[in-house]
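Next come two complexes, and both contain chain A; in the first it sits with chain B, in the second with chain C.
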Partner chain A sequence: MDFLQLAVNALALGAAYALVALGFVLILNATAAVNFAQGDLVAAGGFLAVALAGILPVPGLLLLPLVAVLMAAVGLAVCAVAYWPLRDRPPVAVFISTIALGIILQNGLNGLFGAEPRAAPPLSGSGHLEIGGLVVARQSLAIMVVAALLIVGLRSLLWHTQLGRRLRATGQDREVAAALGIPVGAMVALTFALAAALAGAAGLLLANQFFITPTHGTDFIVKAYIAVVIGGWGRVGGALAGAMLVALFETVVAALADYAVATGLLYGALLAILVLRPQGLFGEAEGRRA
Partner chain B sequence: MYRSFAIPAAAALSALVLLAGAARAETPHIPILVPVTGFLSLEGTSQRNGAVMALEQAIAAKSRVSYEISDTATSPEVAVNAMERALREVHTAAVVGPILGTQMLAMLPLAEEYEVPLVTISGTARLTEMGNPWIFRFFPGDAVTKVAHARYVVEELGRTRPAILYQTTAYGQSGRGHLETVFRSLGAEPVYEEGLDVSIKDMTPVLAKAMAAHPDVLVLHLHSTSTALLVRQARAHGIDLPIVAGSAMHQPATAAILESAELKDVCAETGSSPISGGSPGLERFTAAYRAAFGSEPDAFALAQYDATRMVLAALEDGATSGTAMRDWLASHAFDGLAMTYRSDGTGNMAHDAVIVCYDGKSRVPQVVKRYESVGLAR
Partner chain C sequence: MTAILHMRTWLVRDLNILLLAGAAVLVAWPFVADDAYALRLFTQAGIYALAALGYQFVFGHAGALSLAQGAFFGLGAYIAGILSVRFGAGFELTLPAAAIGAATLAALIALPVLRLRSHYFALATLGIGQVILLIAINWESVTGGANGIPNVPALSLFGGTVGRGWPMLVLVWSLVVAGALCARLLTGGLSGAALQLMREQPMAAEASGIDIGRIRFAALLLSALYGGAAGALQVHTVRVVSPEVLEFQVMVMLLAITVIGGRTSIAGAIVGAVLLIHLPEWFRPLERYYLMAYGAVLLAMVVAAPWGLMGAMRRARLHWLPEAPPPPPSAGPLPARHPPARLEIADLTRQFGGVRAVDGIDLAVAPGESVGVIGANGSGKTTLLNMIAGAETPDSGQILWAGGDIAGLPAYRIQRAGIARSFQMSKLVEEMSVLDNVAAAAWREFGGPDQGDARRAAMGLLDLLELAETAWRPCGALPPGLRRRVEIARALVGGPALLLLDEPAAGLTAGERERLAGTLAALNAAGTTLVVVDHDLGFLEKFAARLICLDQGRIIADGPPAVVRRDPGVVAAWLGQAPAKEAGHG
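And now, the complex of A and B:
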């Protein structure tokens, strides 16, 4: 297995991580608070895909819109329960409430689905393709394409629509946005819905190739947090780059060194960035850190 | 008039309450303290189901015994609190202790203080090395299973260049240590070894490095999800070496997420494999388990079922106090469904292991080799 093979794997893994990190950043920007339940929403999306596949035996690609819509509804519920009642409290209150909600989600998934690992249906077909000597899982290719489309779609929504401008205005300064007549509450709720939909999509994408258990959310949130810190707190593009970097350490660096060394190097890089460039590799949109 | 009725009625009620309390106090109680949430919930749920099945069967057969279930999650503090709560009120004959070794280590002093035996399937080697007479382990530890694991690789498969991939958890480190020692004693020097964190999703890097060392077998000692990921990705990259995995691979839940074809030439060590059958008793157990819990039983469920049945046998024999129960468990042998259990003097009750292999056509493995009384003077 050569470098190219590892790079392809890193790209597929990074694309899925990017969806998790983007959802994290959206809420961070809209509320100035960290949503620590984002990883558990990924697990919830994975299990939702598993459950839907039991009812509708269709490829994952056809389940994806349904998972996204249902997860958006879950996102609204998360907003109503873990954010809205605490919106005027310091961000640390939301930090705690989302940790609590994440634990409830984990245990709820455990109660509903059991603790065993599950696999969601593949997006378009299982198996592997050989492309120029590279063994590429069809699911990996599908993950890259779908994640890229979702990221482009999200960027278009945020930068090229009136709704996106309202969402960004809310994220930049809620008081000014409210003064301009933007329904801030609705924008925050919509952000939670979008973030949960992205988490659900990531869950569906990851749960086929890498399986899913109720406790996997913890892994995802740690990776999203690292990606966002590396890329730049609150930067959408930074989260994307950070997610790719995390995946690169997990695959390419881990192939050159030990996994433990690769993990140590990743955290070393994180510490170095915090010390030398606290705004992250791509600057910082807002000045607050939870 | 009311007064004349009230006094005898109150007296009768008090007598009933006292009698009921006395009866409850005399009914042997078995708390089941296991992790049904957290990262060991798959194994903890099996443990709970095995214990519950044995107890429900005993209750249905009119045995006087009661039980309660508490979730110990993943931290020692929660386990200790659950044990203190369980021991506070009623007559406890024995406690079903969690599979998680760090929790068991924290609970051992309490078992000694309250003089209550802890019956468990935890594999942590130290539990039975501390001289605590209140611990009884009903699942073969690494000193048994890893001997079977390595001997099967070398003696049956004839492979002498193993690549050992293990989890970085306490479970993984302990197994790796035993595997390394046994392989060396068998003249098979491991050509590659690496520890994997449970959060690792992409196994390609470790497979690339392992294959560069030219192994003739992949030896795994990983948890369920990591085992499945490694098997799938190895097969996807055309690595057709035999894979001999740890007990996680025997679990029906692990096999269920892999394709049958991916399981060709995959074997696993374990204490038993209920779904593979082998005796009418095992088949009855598997059918009853499926009916009760709607899932497939694994070796952990069967081991805890056997352990609880041995405790119930001790109760039937009059060992109702903690001390009597300890002495009974330490001095008797018990023919369980998985194997015959007897203490080696330190509380290790299980000394047999089996190797199961998949044929690439089914997700039900077959027992291909049995190792009995490993490390035990016969």
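And now, the complex of A and C:
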């Protein structure tokens, strides 16, 4: 396959992974805890899109806001059940509670939809476009554009609004934020809602090209986790770069060697980074609390 | 011999009635439901109990969230499966090969992975599991690829065949019992207390001579040994080995068993395994959703009872049938003191960012001396103490003690060389009794599961520090004055020649300070060298014959208290413009 072609595929996959990793980092920064159910939220978003498409025969692009809103509600539930009761315990408690939540989500999806792979509708139609001799799937292009818009939107929310400043303050130091009168509980809940909405969006984007099964969630969380460690624990920009790197291994390296070798190499690279540069390629975020 | 005696006490006295009743039900149950399927489930429960007992070493006792236990289990299964199918090896060979194979993997990954902090450790161990799974799927010539290896022969032991049903069940549960007894010897009693100290107050554990790195290594190795052995049993029970044994589900199952049963309770691992293996049977009416219920139980447990079923039972028992505390043990002899030595610090420097917290300090303390260290906040007092005690590494300089340079040595080695310390913020295990907080620090000397000798030694120190009344009270319930004294009692466990105390009088009432000063004077008179950081000159003067004042990481005055407190530099740097007060709090 043409190298450029591969690069486009890597970029599309990386963009979707970036959304997953971003949600992971948001929660990490707000709570110092790992949300291990983040991957299962992606699967849930994918199946939600599948289910909605059965009721509303419209393009994926129109389903996207609906999926995001419904998933945000799921995120609030995740916060209420698996995080809030454990907020004063060591972070490992949340790690385990979200593993449990992942089991519930996975088997709930399995019960509702069965184990067969399912596909969500494309964002704006299938088929290919030819751009300067390069054949690009419309879906790949749409994924990149939608993911980029979401990331830019999230960035401006975090950096250019009062709400964003409050969210970031909560992530940096919860005690100080509370002392400044910021409603910390509401900010954390909102973070979970945002993270779940991002996961839902990623689910919708991925569930068209790559299909989706209830057990896919474990793959997604492992990739997001790796992306965040590679990019630097708690670093938003690093998570995006890490997601791209993971996607690069899965597409380009997999095409050059094979999928198993590429995955092995990815883990090898991860372990090497953990041993030689545990702060990640770009360093851990300032004021991290984990 | 003492181990056997100890075991008997444990079996007869410490296990409560409920537990024995539960065990009786468990033993009786396969007789009642004597069909092949029931026996098979019960065998399976034993296998998972063994793997979970192993997982408790690393997750429960060492407190590290390892996600590699499933990988050790699966690797053991593959090793045993391949050896028995390809080479016709018997269980007498496949069991040790599986256990040692898994432990070898653990030893290989331990070096890079064990020093990682919790979330990195979790991911790294998860990654190792994924790599092993990948190898199992892709190395087809050896592992049979995605289909695995079918037709694993029945378990043969020294030529005889151990068939399905009762024979296999008895074999599995004999190994569970053996594994439980080993775990009890390794983690019970005093060892359990020391491990709890290590989990909850790692700095205090290191300062008590406990080498945390070594213990975490041993814990990971033990978890792999148990996991690998359980894997070998698994493959002979299900008679096929496939990548399924390496999937994340197995790891989640072991985690759930341990969390639900109790992270450090041996009975918890067994009860948890029996429950979780049978849970799907009980939830069968839920049909396709029964596995959801299993996640819900785990979640409910983490939220409502993080101490697990066994912990919950213990709490309930203590609540409804409170036990009167036993009489305190008789006081044993005080620990033998290390030979007195001279501390000599040369050009010691430590920088944080651009700030020189300690800036080229030279200091000699003669054996038997009693030195007070004063200075404003941020003048480098605690950093100096931390470097002597090994909690921080100097950038440059020497710390000579008993004929060697101890600068940069880990804290546990410095403690073993006869230098003990207390902490500015007291580091005690809150729910553990005063007596056991002190006894846990004597683990290295008394070892093993038996608490008697260590408690008697601790009692001697509690007497010395007038803490005998509080022996059985949990540390969390003590006022600050008593907590300081417990910290000092603990520091004295190793018989230090030099005692470093960091603000021992902070937060104490005037009366408590008076008593503490008297205790320190007595300790010093008995031969212990003291270096005490504090803000209260009046307190220091009661036992210190020499005062040192630090300012911006340097010594600006050194001499008898009466001279130092009038030193113009000291007055300017520390006491400010006001004349010297008796209890100057700065």
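Operating definition for what follows: the second predicted complex is superposed on the first by the 284 of 290 C-alpha atoms of A that agree within 3 Å, B and C clash if a C-alpha of one lies under 4 Å from a C-alpha of the other, contacts with A are read in each partner's own complex, and residues count from 1 in each chain.
One rule holds for everything that comes next: contacts are C-beta pairs under 8 Å (C-beta built on N, C-alpha and C of every residue); 3 or more make two chains touch, one makes a residue touch a chain.
All values reported here derive from a predicted model rather than from experimental measurement.
Enquirer: Looking at the combined model built on chain A, do chain B and chain C fit side by side or clash?
Expert: clash
Enquirer: Is A:Leu129 contacted by the first partner chain B, the second partner chain C, both or neither?
Expert: So A:Leu129 meets neither chain B nor chain C here.
Enquirer: Quick check for you: in the superposed arrangement, does A:Ala82 touch first (chain B), second (chain C), both or neither?
Expert: Touch status of A:Ala82: second partner only.
Enquirer: Now for A:Leu163: first (chain B), second (chain C), both, or neither, which partner does it touch?
Expert: Neither partner.
Enquirer: Pick one for A:Glu116: touches chain B only (first), chain C only (second), both, or neither.
Expert: first
Enquirer: A:Asn107 contacts which: chain B (first), chain C (second), both, neither?
Expert: A:Asn107: touches chain B and chain C.
Enquirer: Considering only the touch criterion stated at the top, classify A:Ser97 as touching first (chain B), second (chain C), both, or neither.
Expert: So A:Ser97 only meets chain C here.
Enquirer: Given the touch rule stated above, what does A:Leu4 touch, chain B (first), chain C (second), both, or neither?
Expert: It touches nothing on chain B or chain C.
Enquirer: Contacts for A:Val176 in the overlay, against chain B (first) and chain C (second): which applies, first, second, both or neither?
Expert: So A:Val176 meets neither chain B nor chain C here.
Enquirer: Would you check which partner chain A:Ala186 touches, where first means chain B only, second means chain C only, and both and neither mean what they say?
Expert: neither
Enquirer: With chain C in view, single out which of the stretches 9-17, 27-35 or 81-89 of chain B clashes with it after superposition.
Expert: So the stretch of chain B that bumps into chain C is 81-89.
Enquirer: Which chain A residues lie in the overlap of the chain B contact set and the chain C contact set?
Expert: Shared contact residues on chain A: 106-107, 110, 222, 260, 263.
Enquirer: Once bound in the complex, which stretches of chain A touch chain C?
Expert: Per the stated touch rule, the residues are 34, 81-82, 85-86, 89, 91-93, 95-97, 99-104, 106-108, 110-111, 218, 222, 225-226, 229, 233, 260, 263-264, 267-268, 270-271, 274-275, 278, 290.
Enquirer: Hey, which residues of chain B end up touching chain A in the complex?
Expert: 36-39, 41-42, 44-45, 168, 194-202, 204-209, 211, 224-225, 228-229, 236-238, 251, 253-254, 256-257, 259, 295
Enquirer: Name, in rising order, each residue of chain C that touches chain A in their complex.
Expert: For chain C paired with chain A, touching residues are 65, 112-113, 116-120, 122-124, 126-128, 130-131, 134-135, 137-138, 248, 252, 255-256, 259, 287-289, 291-292, 294-296, 298-299, 302-303, 306.
Enquirer: Going by the contact rule set out above, which residues of chain A touch chain B in the complex?
Expert: Touch list, chain A to chain B: 1, 5-6, 9-10, 13, 106-107, 110, 114-119, 126, 128, 135, 137, 206, 210-211, 213-215, 219, 222, 247, 250-252, 254-255, 258-260, 262-263.
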